[in-house]
Structure formats: structure tokens, C-alpha cells
Amino acid sequence: MMATVAALLVWGAGWWLNVRLATGPHSDRPVVRALIPAIFGITVILVWELLVWAFEINPVILPAPSSIAERILVEGPRLWADFQQTIIKGAMTGYVFGGLAAFGVAILADRSDFLTRGILPVGSFMAALPIVGTAPIFVKWLGSDWESKAAVVAVMVFFPILVNTVAGLKDTSAMQRDLMRTYGAGYWPTLLKLRLPAAMPFIFNGLKIATTLALIGSIVAEFFGSPTVGMGFRISTSFGQLALDMVWAEIVIAALAGSGFYGAITLIEKRVTFWHPSQR
Amino acid sequence: MKSVLPILTVIAAILLFWVVCVVPMNIHLVADQAQRDELIVTPQTPSARQDVSGVGLALRNTHLIPLTYNFVRPNLPSPHQVAGEMYNTIFGQKITSKRSLVYHGWVTLAPTLLGFLIGTSLGIFLAVGIVYSRVMDLSVMPWAIVSQTIPILALAPMVIVVLGSMGIQGLFPKSLISAYLSFFPVVVGMVKGLRSPDAMQLDLLRTYNASKSQGFWTLRLPASAPYLFASLKIGISASLVGTIVAELPTGARAGFGARMLVGDQYGQPLVSWAALFAAAITAAALVGIFSLIERITLKRMGMAAT
Amino acid sequence: MSQKPIITARDLDLTFTTNDGPVHALKDVNLDINKGDFVSFIGPSGCGKTTFLRCIAGLETPTSGDISVNGMTPDQARQARAYGYVFQAAGLYPWRTIGGNIKLPLEIMGFDKAEQAERVKRVMDLVDLTGFDRKFPWQLSGGMQQRASIARALAFDADILLMDEPFGALDEIVRDHLNEQLLKLWARTEKTIAFVTHSIPEAVYLSTKIVVMSPRPGRISDVIESTLPRDRPLDIRDSAEFIEIAHRVRDGLRAGHADDL
């Protein structure tokens, strides 16, 4: 009873605080803009904690944030090992290989308008497919260690990056290309000095989409077979043991990894595409 | 339609690559079987063959190459095998049979569509809220963007089991996952779309002293159409993937995901491959339908997409 | 002024095939442009003036007829970097500074670093943009961006300058100023300039020769040799001689598309 009332109060307080900040005179300052969603997030976590107490929710169904935090602290080394297996070896390797391959194919296809017109629709089609379903096939071909996960990730990130890069290379205006022709510039100078820099906003769009796909691919692929380490592995086995707080702990790590990875790419994007209207 | 020939060429190239890869991928298994059937295989022993590459083995045993295209448990089935299996399980079975891909397709599709509908409607509501309420904009929108970077998909099977243990099974839990996966792309896309009219357009409405509601229905909503369609297409394919993943290692017995797993576990790769392709075709059909609706709608609105 | 033609067009014809049927953009164009000339092309939309400029630049290929630039075909002239081209929009790369933008052709054409720096400084002084080399295009006004675009076209010392309505998007005050600067530049560098414009006063003010064109099909309706002195202050635009030439241009334009009205 008390806990429920407390939860309502916390929610109300958080909301009121945010209303004051959002409609107040300082609402445009970066500090305030970061504070508001943070307050929202903290409020949600507090309410969650209080409601789990209030309704005595079975920890198997929904553990309290405090127990999740505790689990993270206790299982640090194991979480780190899982992180290395899934994120560093599986997701990042696949991301790099898939991205480089997509980039290479995009440049090759760029020399032929015919190929570009074929690749864009086929690539967009492939990007919408449930590629994660190929995970068992890759495990059969490459074994259950991180290589098969990297392969799934590579295929998953290949198509969005390819499609975005090809679209970006197409995007330069006729006038810009004519200017290059008046300089007698051949294919490579035009590519390196004009079309690649102009394509960067598109390329980064693809790279950002690919970060989430890489994580999902690596974790879900581990459901199909993994050595005794890895986030997907840990999630499914902890789940089988009804250790839900461990499951959630892995999810928190995955969430941090996901937003960290995405944030890193966004930072690089800001530096490379500083000139684009959306960044100014 | 001048893109038809390039598209066909790219598809033909992919098919060709596939057909060529069948041989080295399957030749080791075929060689083992051939030895058991007392055909001549070079080299003679499995251990000697282990050191030979797929290509090398194929070149030394060209009489075995046709067998790689019809092998019962291939590492890489040939296109015609997959097509055959799909034909059998789509047209050759009664729709209600547990072996029919149509049945499994419906088991996967129903919660996908339901969840997509729920997720999209809620998403549009939240987007309107974000655009018209500064508090919601500043507190919720950052989380909406961040949530897209979190691989929640990994939780999908868990949600199914948890709800199952509470007695909630069947359509609802899977719809929940689909709804979640389509929710955020729709929110983000719709917010961008509702905010897309430029300052000049908005000023014009102010000179008419238009109310917020009038501004919404006459300007913001129509202007958001292209963005909405883009998000719908992302949302529907995400929903489908979500439902499939939710069917995975939780002992589900029906649906595309379940079939992919069953094929893998019972040593019937063709079942897995057929399910995978059927899922792919379903995804393509769904995105295709939305693209068609998009083209018709935008054309009638004079906003024909390039 | 020498009478040596460096750009000659003979019986030039160009028909575009479009989705709506063939468009006869240029018909029987015969023209000589001499070294050191400032030639303006004026006419309504669709009269072929931009198309003709692009033919000189080797950016379009005529369906029949001849065109030669510096004794070569336009394509050869383009490979030999015989001209600088200024488009209607400044077209500067937003990811490069002004200095970096002006360096672009120099990098492509293989000038060494020291020469690049020297040339960039020289042409920026010529167009009065000294000190702006580290700014980005979006930090400059429209007029300044267009000046940077002109500087870019001057950087590699081509003898010929092809300009396609470069001042069309600017307001009249800036335009007057840039017209004056362009004339001074022309006098100092002795280049041959082909200039496309919509504006009658601009054409008469700037040129030694005015080519009046009319549409459908695109053709030359009049070539006017200007009698104005080479040295022209802005207020020459109020003189009787100027007004007379402007009248002639206007008549040529009216005759050219009387069938349109």
C-alpha cells in the first residue's frame, strides 16, 4: 500500500519536475536537455522498484532494478567474458567485414549504371529479410564459436550499408559532376574528391542502422549454438535456470553496448559530416 | 520499368553463384555416402579426404558432382531442391496440416499483423503527443531514439515464456513483441514527418489564424505521409523478424521460426531452408504491398516519391 | 583587339530526345568568337544559350555541324583544361573551406603545393575575397560564394571563361558591383569570356559583342557589335549610345519570339 502510494508520488514528482524544466526559461540549455530524459529514466526505474515491492511481483517474472544491479556487480567477470565473446568477437568482427565488403561492392557497382540499377532494389529487398534465420545454417557450416556469429552479422549488415552507400554515391547533382568534367577529371579524382565526401551522410545512416543489427545478430545467433560463453548463451541458459536477474543484467549490458556503439558512430559522423545542414 | 533487366541480371548472378557453390559445400558428405554405396572415390579413406578442399575433391571425382545436387542432407541445398520442398509443403499439403508451410506462415503472420497494427497506432499517437507537448518531446523522444539501439529482440523468446507461464499464450505474446518492434521506428519516423513542413508553410497557417488541430489535419499529417510509409516498411519487416525470433528456442511448434529450428534439430535441412525462403518471400510481399500502397497514395497526393 | 577567332561554330545543330519527343535546341548556329572578346548570349528560356555554352565546353555533343575551341574539338579542349566554367549556382563543396574549394581544380590538374597556395592567394585577391580562405561556404553570402566560384574558375589560368548566368540569383545592388568587378578583371587578365544572361542591361554593359537568340528551334536572331568603349563606368548605362544598343537587343528579342505572344 505504502509502496504504491510512494510510486505514484515519485511518478508525479518526476513529471512535475520535467514540466517545470521543459517549459521554464532555461529549457534550451544543453544541461537541461540532457537532464529531462535522465529524470524521466530515473523516475521509471524508481517506480519500477517500488511497484515490484508493492505488488510482490515474483522475481521470475520481473526482478527489481536493485537485484539486477546487484547481479551486475557480483557477476562482473563473467559478464565481461560474455561481452568479449558476443560483442567484440562476434558483432564487431562481423560489422567490420560486412561493412568493408558492402563498401567494396558499392564501389565496384558504381562503375556501371546497369549494375547500380539492379543492386539497389535487390539489396533493399535482402535488407528486409529475416536474415537472422540463417544463424543455424552458419553454425552448421562454421561451428558454434564466434566465427559463425560474425558471419551472420556480416550478412545482416551487408545489405543496409550497401544500399545506403550506393544511394549516397548516386546523390551528387548533375551540376557538380559537370564541374568535374570541365576540369577533365577522370573517374577516380571525381570519386575521391566529390562523390565519396558527398555520400558520407548516407553512408553513416547505413552504418548507424547496422550497429543495432550487429548486436541483435550476434546475440540471437548464439541461441542456436555457442560455446559456454556469450551473451545470447547466458540469456538462454540463465532463463532456463529461472535466474531472471542475470538475464536482465545481460540485457542492461547489451543496452549499454548498443547505445555506446551507436553513440560512437554518431560522434564520428558529426566530425566527418560537419558540413551537412542536419549537423549545423 | 527499365530497371527490370538489371534486377534480373543481379538475381541471375546470385543464383549462378549459389549453384556453383553447391558442389564444394556438399562434396565431402557425398563422397562419404558414395564410399558406403561402394562407388569409386578418390582418395579412398575419409581421413585422407579431410585434408582435401571441396574444390579439389570435386575436380578429382567429377562423377560425383551430379550427386551433390540431389543429396538428401546437404550442407547447401541446390535451388531446385529448395524450390521443390517449398512446392511440396505449400501446394502439396492440406493447408491445415502441420507440414504445410501455409499453416506455419499463418501462425507467424497473424501475430505479426496484429502487433504491427497495435504498434503503429500507438506509435502515431505518441508521435502526435511528442510534436505537440514539449515535455513529452524532451523526456520521451531521446529514449525513443536510444531504444532503437538496444537489441530488445534478444528478449523476444523470454517474453513468450514469461507470459506463457502466467497463462497468456498464443497470439497475444507474439503480438506484443511485434508491436514493440514496429512502435519505435514509427514514432521516430512520424515525428520527423510531422515536423517536416518548413517555416514558410507554418507561417502561412498562422496568417489564417488556424488552430493547432486545423494545422495538424491540413498540413502536418499530409506532409508526414512519405515518412510514415518509410517507417511502416521498416516496422513490418521488423515485426516479422520479431515474431520469428520469438518462435525460436522456446519449444514453439508452429510458425516459420519453429520450422527453421525443427529442420535444424532433426537433420532435415531442406525444411529449414524452405521455411527461411518462405519467410523471406512473406517479408518481401508485405514490404511490396506497402510500397504499392505508398506509390498510389503519394501519387494521388501529388507527392510521388522519386 | 585582334581578329583571331578562337571559338568557331559552323552549322551547329543539336536535337535532344526527351520523353516528350525531340527538342530542337540549336539550329544552324554560325558564330566566331575572337580572342579577347566579351560575348554575351541573351534570349528567353529555351533559346539554346546555355546549350550552346555547354557545347563549347564539351559537356554536350552536337548532332551535326562543327565547333572548334583553340583549334581543337571541345572535348580535346576540355581535356587540355582550356577554359574555366562558372555555373548558375556557386556549387562550392560544403566540406571544404573557401581556400580548399579554390584549390580543387589545382589538385586535380596536378599543380604542386607551393604553386597551389600562390595561385589561391592571387585569385582571391583578384575577386576581393582576401582573408576568407579559411571560412566555409555557408558562412558567406550568396554574392561572396559566387565570387569564390569565379576565383575557382580563374585559378588555373585558362584563356577562356564560360559563365552561365552567374549573377542570376543575386540582388541588383550586388549584381552591379560584381559586373563592375568582372569588367575590371577582364581588362586585367585579357581573357575571352562567353557569358549567358537574362538581363538586357547586363548584356549591354559587359560585352563587346551581344548574341541575341530565340527559341523553338534555338537559333541566333542577331549579332550586335558593341560601339561602347572598353573602359566603362557604371553610369554609361544612362548614355544614349547604351540605350540605343539596348533597344536593338530588345527588338531582336521581340522579333525572335513574336510567334509566342
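Read from first to last, the chains carry the letters A, B and C; within each, the first residue is number 1.
The definition used in the following text is that contacts are C-beta pairs under 8 Å (C-beta built on N, C-alpha and C of every residue); 3 or more make two chains touch, one makes a residue touch a chain.
The model shown is predicted, which means the values in this text are computed figures rather than measured ones.
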Chain contact graph, described as a line, ring, star, complete graph or other shape: line
Per Cα centroids, the chain farthest from chain B: C
Between chain A and chain C, centroid-to-centroid distance (C-alpha), Å: 50
Averaged-CA centre spacing for the pair chain B and chain A, given as whole angstrom: 18
Between chain B and chain C, centroid-to-centroid distance (C-alpha), Å: 54
Residues of chain A that touch chain B when the two form their complex: 15, 18-19, 21-23, 27, 33, 36-37, 39-41, 60-61, 114-119, 121-122, 125, 128-130, 132-134, 136-137, 140-141, 211-212, 215-216, 219-220, 223-224, 231-232, 235-236, 239, 247, 251, 254-255, 258-259, 261-262
Contact footprint of chain C on chain A as seen in their complex: 175-176, 178-185, 189, 193-194, 197-198, 273-276, 280
Touching residues (chain side chain B, partner chain A) in the complex: 2-3, 5-11, 14, 25, 75, 134-135, 137-143, 146, 148-155, 157-158, 161-162, 165-166, 233, 237, 240-241, 244-245, 248-249, 256-257, 260-261, 264, 269, 272-273, 275-276, 279-280, 283-284, 287
Contact footprint of chain A on chain C as seen in their complex: 54, 57-59, 78-81, 83-85, 87, 89, 91, 93-95, 104-105, 107-109, 136, 138
